[in-house]
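Next up, some structures in structure tokens.
The following pair of complexes shares a single chain, chain A, combined with chain B in the former and chain C in the latter.
Let's look at the complex of A and B:
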């Protein structure tokens, strides 16, 4: 018998427990009553007008975020992939920055920029026009849609840019030579080929908006409305109504699963975009006098996502009063001192975050490496099921996962609530799909015959894994490690339900600081988080030798 | 030096049967080519022998060891075999020397010094002395091929498996490597299974060829045998080009196709049965009508098409009073133009009756 089989089966069983336990408990508790199975919790949840309203708000938010993301992401993708707009590398870099920016940091920054009273943009507006009313109010549904979209459009961008990079220009030229004008080519050839990617980018954006907790909590709650995720969170506040929260989580889970299935079908047909793509050249389209206006439009979008928010965070970090102009009097390093030395929970939170991030990334990378090896080389019976399970957390919004974990690990046999371990399990589960996708791509690129060549010569499976596969997969697994690390650093939506006073993490502390109105400290912690993220991104790029967004340059 | 016995092997992929009761013997020290079109099961056979696949039925024996059966499969690393892959499968993160030395790590009782010496010696044999510290990415296709060969031979395997090893080389190099592989086989005498879809390659390299069709052995024998005495139409058409004529036996040694009567040398036909004849193009003699004589199987005809190929001219000749068109490979002189009347002669010995395809 192959000794290595124990390793594969072990990794697979760990996966099953990791996924099945919380989701199983979630489903069970949502239908369990004192006298056996019941639908009462669902009835309670969905007949409550407040919850109905939250549901509707989520639908509105998700739909508009999808549309706005397409409206921003698709033109940007076309401009950078196909035209001679100046500064394409810069634009791509900014899209990447928006992709990795924690959305709740962006939301805080926009509170500082466009809060109706003290928001800097409104202050400037008032002083210029001497108007009474604010120019912008971020605490509204349109404001929320805007802030969510500027960090969600990269999903559309990635899908569309990568597809455009696959469509060889000769497909378009073949239409042109047959008499199609520029518009006709775009309408009859390019657009239909990009459409599946566009639709699937739309769905990914919708999914992000559905699962997001931070931005709605920061912008919608002060505005007096709830979304599903904030509603689930408030059901967890004292006195916790866990069963109702579970019942309310299940539809979110199903909606996500359904949308992802639609997206997969759309992409499954994408194959035709690549037909004949090999060897085909992609020629750039000259924009002529529209080059500079196009660049200006891109930079305006990116100023909303990057320049203004980053600027206001930097300003907030270094000034005594963030809303006042930055002058010599207003400059201070006191926020750093306050954040790191005076405020009680910051240092512990930073240590917790880093510990959790390193631990999750190490164990996660090892697990996804083993599991993707298992599925790629078909080492266990039911390897398709393994691939399904490891990707399953994609359909579980962070808040829902947290509800499941809370239920599963507050009771025997595993009582982990109140320890860092429950956060570790949450992060491990949540980041598994991202890491797996990266590891899977890595192993796909290593032909099986490199391993078989070693086996015929006398090396066993595990030895081959160590001496041949591992060295070849190293950079891909490092990238998976980094993706998991970044994901953990910024995680809020599961942490917010699972933390206890002794197990706070950075994102939770930022959230606490908001309650106390400590914007200087929020800015400092935000900058720390951004610095950690960008350092890790740089590491990925070095390991992979390409940028994180995936398309060829 | 053991041989290999394949006994009624069967293997399916889902619903698709890849092998369907394949039996074959590779004699000790023999180089046997597995030849067939894509999808005939030749690579599946090789991977079964290597131990990467488990047969659904049948057994694989090497000498007196049963290596594979549906219930027990010895893993590849304990089969004492070596394999050369179509892609070469050289490890890009190891140098040439490390690649070649890899298999020697699993030979007990071999000290490092011996190992290095054997690697050096083997690299000399494949004419790559001095390339020890290079990485595979820095070598040409032909050199990579040689490294793959060295890596397989240095472990002195009992059985050597080759999976279309030359298909990634350009035409000239491929021809050179054919003779190279044959030379190495004669030097080391390792029992070898060689998978290819190229009949010329199989004929140059192998002692015997097994022609595979739909997961079974259609015919096995030396190249000469398969060429001159194909047993089925499939084999006749797969090994070299041929003319195939369907007819009915009218006597022990005569086949009729319409008005055409062909004498057959074997003389063991059953009158009244259907017979298919194979006639190789270069067994067809062409002459001017006046010089044709009137021996057996001599027919008047007309040249329909002619293509000059250098060594030979490829003709298509319509036989007068018949719908049969024969392809003939004739010497460049005398030349016949399209439309010319010719006399066409086929020796009875060149008319080979074929059996039914299974």
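Let's look at the complex of A and C:
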């Protein structure tokens, strides 16, 4: 019982600091007027036509991103999980690459690729077809939907691929034996079984799109439209309207909570005994002459997410003028020299980012390891509630969390604004659910019998933990560490409201440079960020001994 | 041209360090030097375009190796936002504030956030560069101009006046910076509202402009060919691009060009007050002001500074000016109406 109390006190304290205080302040400020409670801020926010438009834009964006992500993610998942398409490992690797690519870097790269006039794809298109009109205009709602989707579809992919890997083929074969054609089998057997995964992937994609700040800021603002996140951010401009920003954050919070609840119900009510079982064969479907076209289709999609953007970033890093061909005259190392040696913010930002990433990953991994151990082994009373609380931050979009943290920690008793600690709190809160999910899966996979065997042999709990549990859980916890690390180095939506000039991080510096139009330096820093990310991914793969998307081969 | 500006910069430093250049500052060690050395650094929030800001910082560090400059460059409006947010949290970080929105200084002075300080050598500066109460001084100036891409637009077709930009033939082909980010643009908008009224911007917005943030960016967008005409932006960015061989040309409309004098001031709470004074004095020396004129293409208030032959003289341009007081008063209105017309 004493043990329970210690865990509870710790968890409650953490929860207050990370969630209750920021969100409490957020809620309070959104209704606080000069003379007590008021709904005036809500009225102001929602009667403003500009804000209404932003709200509608977000709805449109999120809905289409959900659909497009399903349209890309589901076929890719089916192809790699069920068919004999060549290069399945490669495709999975590329999906993973898209998953970890910071979306704002992708958006920035697509400005160079598909700006309606100078964009490289459009330049090529014009010279080939001698057409006037651009092939693509990225500064539009469809352009934004596209760019967000190519980095969001992995959520659908993971859900669907993992489900497909669990459905035995015998049901499909039974249907085929009973005379159903291929399409009929797909429609009546396969689809219903993956439907919950599809819907749930759709919702995850929608949530991503709702919470995203960088891509809309880079693509929507130049086109003259706002989304909720960019609008909240601009409400912080001087003179700040923090109360309105708070009021405007609340619907985003509620929408996220609601959607997640729907998703949970969908997954909880899977209802088909066939899903989740381990038995049964999964036969590979031969694609025949469609094998190579299928691979080509996958590669075309992935070139949009990976090859083209990465290529154009590399080109931008080595060019004097990014829109010109990379000729001898245009080649330069000056962008690197400027970024690393002349631009004073670079090194401070890289150091800050790495410090925060390591700190958050270490403390976060330790916390999720402890908490998931406690909840999995049911060591305390009310362990379900602990699990729920740890996962709760997932409903808080980064910008909203930042508004709450800003309000809570710019005033006594806790003035953390201006220090790295406020960013640390934001990151820890934001990454906690991801880390917990990973750690939880790890402990679930370690059967309690081994620990019990240890106990029978007379070892104490600590010794069991040290000699049995810890070695088995090690790789899973390292993976959780890496997930948190990757999440931190790419974080922009909360950082953009919480940084001060002396606590800049890489993503914020890139955003600063974007506002000034310094393409060369952005490209260089973008490459650095990608290199850090992929080095970390390699570490996870090594730790887990498999790829991180989680589906079985 | 980078090499040329570097050479100039280096020359300036060598001259300063050697103390051979006339102009007062370099000959007698500053009375702030000892204090500045103890403080070790100066924190500079600046809206001067990044490479230029870093260059000024490097010049200072070369002349005073014991005092580092921490450059934080962002848009004028973002700087004010940062300063006020830091004030709210009682953070005293910034020593020297330099933005292009003169209205900020009226505001900051009123809030008692500025220290009274007259930099050495500003006696000869014109009145428009000096605060009558002695809190802030114009470090540099630029004018807003039209910039077009010479590959896409011939000199004959190019817009000559601000009202030429209203022609529907430019629809989808122009770019503007944002007054909610840039002080240069906020000043520009107010000056043109005086000239042509808000209707001008309402009509201009019908041409579906691309919206960027920094006053430096419209010219780079035009240079890349993403849009062919920039409807505003400091001419110094375009000047630098042109010198580097980019296909841009600058038009100074006959109706007049909005003059933007960008002040600098030391904060009342400066954590490194001596370094702040040393740095401020340094930026007003003839040598540094000359570097700004030569390699950066800026105008300055320094009477002895000479300008490149290919830059129009300020006295030959019809200048549109706005007072800092009005800029301060109408700041909200400018941003709000701009967003109303242009969408974001």
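Heads up, the rule we're going with is that the second predicted complex is superposed on the first by the 514 of 553 C-alpha atoms of A that agree within 3 Å, B and C clash if a C-alpha of one lies under 4 Å from a C-alpha of the other, contacts with A are read in each partner's own complex, and residues count from 1 in each chain.
Quick note on the criterion: contacts are C-beta pairs under 8 Å (C-beta built on N, C-alpha and C of every residue); 3 or more make two chains touch, one makes a residue touch a chain.
Please read all numbers here as calculations on a predicted model, not as lab measurements.
Shared-chain residue A:468: touches chain B; no touch with chain C.
Which of chain B and chain C touches more residues of chain A is settled by the count: it is C. Of the two partner chains placed by superposition, only chain C is touched by A:338; chain B is not.
Contacts of A:325 after superposition: neither chain B nor chain C is touched.
Shared-chain residue A:415: touches chain C; no touch with chain B.
Look at A:118: by the touch rule set out above, it reaches chain C but stays clear of chain B.
Of the two partner chains, chain C is the only one touched by A:502; chain B is not. In the superposed model, A:455 lies in contact with chain B only, and not with chain C. Residues of chain B touching chain A in their complex: 50, 52, 75-79, 81-83, 85-87, 89-93, 102-103, 105-107, 151-152, 155, 161.
Residue ranges on chain C touching chain A, taken from their complex, read 2, 43, 45, 49-51, 54, 57-58, 69-75, 77-78, 80-82, 84-86, 88-91, 93-94, 172, 180-181, 208-214, 216-217, 220-221, 223-228, 244, 246, 332, 335, 339-340, 342-344. Of all residues in chain A, only 50, 115-119, 139, 220-226, 230, 234, 236-240, 320-323, 334, 338, 342-345, 410-411, 415, 417-418, 500-502, 512-513, 515-519 touch chain C in the complex they form. Of all the residues in chain A, the ones that touch chain B in their complex are 2, 447, 449-450, 452-460, 468, 471-472.
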